[in-house]
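Chain lettering (A, B, C and D) follows the sequence in which the chains are written, and residue indices restart at 1 in each chain.
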Amino acid sequence: MSVSSSFQSVLDRIATEIAATPGRGRPADYIPVLASADPQRFGMAVAEVDGTVYGVGDWQHPFSTQSITKVFTLALCLSREGEELWEHVGREPSGNPFNSLVQLEYEAGIPRNPFINAGALVVTDRLQALTGTAADTLRTFLRAESGNAGLDFNEQVATSEASHSDRNAALAHFMASYGNIRTPVPLLLDQYIRQCSLDASCADLARAAGFLARHGILADGSSLLTRSQAKQINAVMLTCGTYDAAGDFAHRVGLPGKSGVGGGIIAVVPGRCTICVWSPGLDERGNSVAGVAALDRFTTLTGLSVF
Amino acid sequence: MSVSSSFQSVLDRIATEIAATPGRGRPADYIPVLASADPQRFGMAVAEVDGTVYGVGDWQHPFSTQSITKVFTLALCLSREGEELWEHVGREPSGNPFNSLVQLEYEAGIPRNPFINAGALVVTDRLQALTGTAADTLRTFLRAESGNAGLDFNEQVATSEASHSDRNAALAHFMASYGNIRTPVPLLLDQYIRQCSLDASCADLARAAGFLARHGILADGSSLLTRSQAKQINAVMLTCGTYDAAGDFAHRVGLPGKSGVGGGIIAVVPGRCTICVWSPGLDERGNSVAGVAALDRFTTLTGLSVF
Amino acid sequence: MSVSSSFQSVLDRIATEIAATPGRGRPADYIPVLASADPQRFGMAVAEVDGTVYGVGDWQHPFSTQSITKVFTLALCLSREGEELWEHVGREPSGNPFNSLVQLEYEAGIPRNPFINAGALVVTDRLQALTGTAADTLRTFLRAESGNAGLDFNEQVATSEASHSDRNAALAHFMASYGNIRTPVPLLLDQYIRQCSLDASCADLARAAGFLARHGILADGSSLLTRSQAKQINAVMLTCGTYDAAGDFAHRVGLPGKSGVGGGIIAVVPGRCTICVWSPGLDERGNSVAGVAALDRFTTLTGLSVF
Amino acid sequence: MSVSSSFQSVLDRIATEIAATPGRGRPADYIPVLASADPQRFGMAVAEVDGTVYGVGDWQHPFSTQSITKVFTLALCLSREGEELWEHVGREPSGNPFNSLVQLEYEAGIPRNPFINAGALVVTDRLQALTGTAADTLRTFLRAESGNAGLDFNEQVATSEASHSDRNAALAHFMASYGNIRTPVPLLLDQYIRQCSLDASCADLARAAGFLARHGILADGSSLLTRSQAKQINAVMLTCGTYDAAGDFAHRVGLPGKSGVGGGIIAVVPGRCTICVWSPGLDERGNSVAGVAALDRFTTLTGLSVF
């Protein structure tokens, strides 16, 4: 693809193809508010590094960001703490389902990477220690970078998640037993759950992730991350961003990406653009069926894979 | 870096820096012929997609390729068998040491990816079934692509490996119990060991891997792999190519890569060039210490990371 | 040994032999009050089924019973709930260290047996639901059966344990995520910790465990358990009572037994007597070094092994 | 039960009860010769320590002994090698299915106990080193102790097993990689498979196991094992003799026992008698359904449990 302006035609084409595809998976069903999502919903947005945004379908419709926020929390923590962060959370794929306790036990309370739940809890714990309020810090950041001042927590989602938090409580207490969590567990879970409860649209998230395509530079031209740190986050997205399907995602899409069980996925073309796609139906590994298919088509049509 | 001709100056600069760096790790010691390698050896070569090769240090000195050959065996098998191959071997990171039996047991004899020993045995089994002689097929290919007609098996290495093959025999029999290996185990091990015993230089391997930078096109312009297949191999190299350090390698180097316990590493800049570096001293995860450091410097100096 | 009266001479002989044995292991050190125990302490008591008690050394000195209480909690729960209990906790050896989370994950929140921490938490949860106050129920029982009305919780131990309860909190939340824990976790941990904090002497415990030698009959002649239930508890003590050393204990001692990290061990000769031994130094698997040695001598001298 | 002569009436009563019980499980189906067994077959024999034998049903009908032979191989090895054997094989329950590779990997090639396949391979390896012919040594022993000179290998079973030996080959090679197997693997497997292929009747096995009830003394009054060694074998039978159901077996039956997938089980009442029961239908854990039920009734009717 030689000119950026054709992003719009690529998106239009993908939307048409996806609309013709039956079988979209099933929305996450562990909390009612996610289970009630319409699997026919589909939106996709591309934000160029200069801030221009293209979109199709439900690209301006807010949805539950869930684990996509783990990327932003990681960036906010890494920018403040630097390399020391990596002594408390690894950056290797887990080779196990996303909330497994097994690996934690073998590796003495150090989670494999920041995108499994255990790792995200450690990152949230550290951001909480650095800022006093991890969730608000994240909301402030996403509002600024997306340009959407109304972006906010979804209280209904947060309340539902809070009543299903035994697994995460187990992870947090387990890591605390190794000294790798310092925030009191109930407070930590509250901050963690609030982050995951943020609602945002494809447009919001594509814009907000722009610093990953701009080698660490924020929308206002200031620097959040060093070039090396931005590269680190893209690398961990590519190797660990899509639960136990990172290899398959790299294989099909070939871009750094991060998915959430709300059906959203963000992806990065370093130096060029960020993409966000949303459709609530998930495959058995927790990734949006139509979302992965749309990104697969995107890199095929544009040639914009990293490989 | 704007012009290719400066690859030479980059290599020269890296060699100077590496020479000044003490602490190179330890050569593999499970067989005598590897243990006796000199950890001060260092060579590095870059092959552009047009075939031009640049080199420094011991870049023309043959060394034991070991697991680097797994990339070529995979390409030769994938080109013949296509997508069906992925029903017999996965493409997800293993999250476990490279010869673990645990994951195999949980996943009913299907190895996680083609670069752990179990997965490479499956690929060799399939190539053996397709060609009748997997090792010779590989040697013929490497001779043609490297342009080095003398490239050959190292009988001393093969003999040593054969007397240390109980782990691989266990893996092969275990997968055979699930029906995922069809070649008689002693024959399979012989073919597998011969492949790993191939000696080649950085120059040889950088040239021979060129099809991965040329989107599947061989040195003579014919096509070994489709563009999609070439991308698949780069993706699996990035997520699984360096044992249990794939995340760290992606983080530091940011290129698809594959290492061997002989101290070699190959890496790919899609569309641009392939790189091979060699130095026998290994870190605790089995990757060349100086090799990873040199590739880290290479992407930093040239900006040629995929992220 | 033909006459009971010789139990005293057996105990005297064992005490003499133990006194001459150097090397007693190390007291548990995860809380200060246990770490400060004197490893030279040694006491042993035998209670015949008719209530006659013999003792030697520190046999009347109270110590921290810790996991020994798991036997009594199990009996109190089984007597009230019957066979249904076994749908919530298994009765197979764990083959893993005593607080492992791995097995729980594979077996969907059903602990392998009632003597690993996870299993004891389930039993406590159920006794709490049945009685409203598991710890007080246990204390009342032990006071009645031991005849020691002053037997009580050690508040210093309970407070210390409460500040080291992250592992058990993780286990409880994890099982709650599978629906196998219903008591709120903080309340459950409080009850669990209070049970483990009970102080008692060898004489107290040998007497209190008498119902296991009397096929379920309490000191006052009433029935706590059916003959079959008493046999069940002896069986689970023999196969699971000494952490990951049950096989070794069966091999050396050959009696149903249950140990605690306070250095105590109780053992049962069905139909004949119960034994309690105490010495704070532990081996690497958490069992009293002098305690196991003394029981080994006891069965050798008396021939009273079940094998 | 006060007099031995009533063993016959106990057996008759059990046979009547079992005959009225529908649902007998399914014969092992991994080799045809076992799969074709009639699940309605049932036999049971009791041999008193003085050699008197009682029987009912198909008690004189030969069946495939399979893993029951592991007890005899263990005794023959322990009698020759003594305590040193326990440095090469453990005596703890495995907490895992009987041919798992996982535990072996964690514990550096030392199997948990002599009754999982890995452990039996180690014992066979050692007996082979001590005698030059493990299988013949075993056959000679069983012929002598059972008084049945025609007791022999079943060539059809051995041939079938040999074509399904990949799992055991994997185990053997894996342990060889740790130095815990010295016999060439094909020879070891041949010896192992021949042992398991022995056919014997309930009468044969009850007699042959008599030394375990006689504290190590053989039929002719000579000593095979010390009293302590005989106790060791009974202990390991109780904690590890029935695959992953040892706790359940101890709970229901309360005797040292060892089962085989041919549907046989032997059990020991130390000092009193040995029992062998056979019925080919297995439960999901590999133990004879009618066999366990019959032993459960036996200990209930006679009170001869060790608990």
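The rule is short, and it goes like this: a residue touches a chain if its C-beta (ideal position, glycine included) is under 8 Å from a C-beta of that chain, and two chains touch if they have at least 3 such contacts.
What you see is a predicted model, and the numbers here were worked out from it, not measured in a lab.
Looking at chain B and chain C, the chains in contact with each of them are A, D. Relative to the C-alpha centre of chain C, the farthest chain centre belongs to B.
Centroid to centroid, with C-alpha atoms defining each point, chain C and chain D lie 32 Å apart.
Averaging Cα coordinates per chain places chain A and chain C 48 Å apart. Put simply, the C-alpha centre of chain A and that of chain D have 56 angstrom between them. Along chain D, no residue makes contact with two or more other chains. Pairwise, the chains that touch each other are A-B, A-C, B-D, C-D. Those residues of chain C lying in contact with chain A across their complex are 100-102, 105, 166-167, 169-174, 176-177, 185. Residue ranges on chain A touching chain B, taken from their complex, read 90-96, 103, 112-113, 230-232, 234-236, 238-240, 244-248, 250-251, 254, 256, 270, 305-307.
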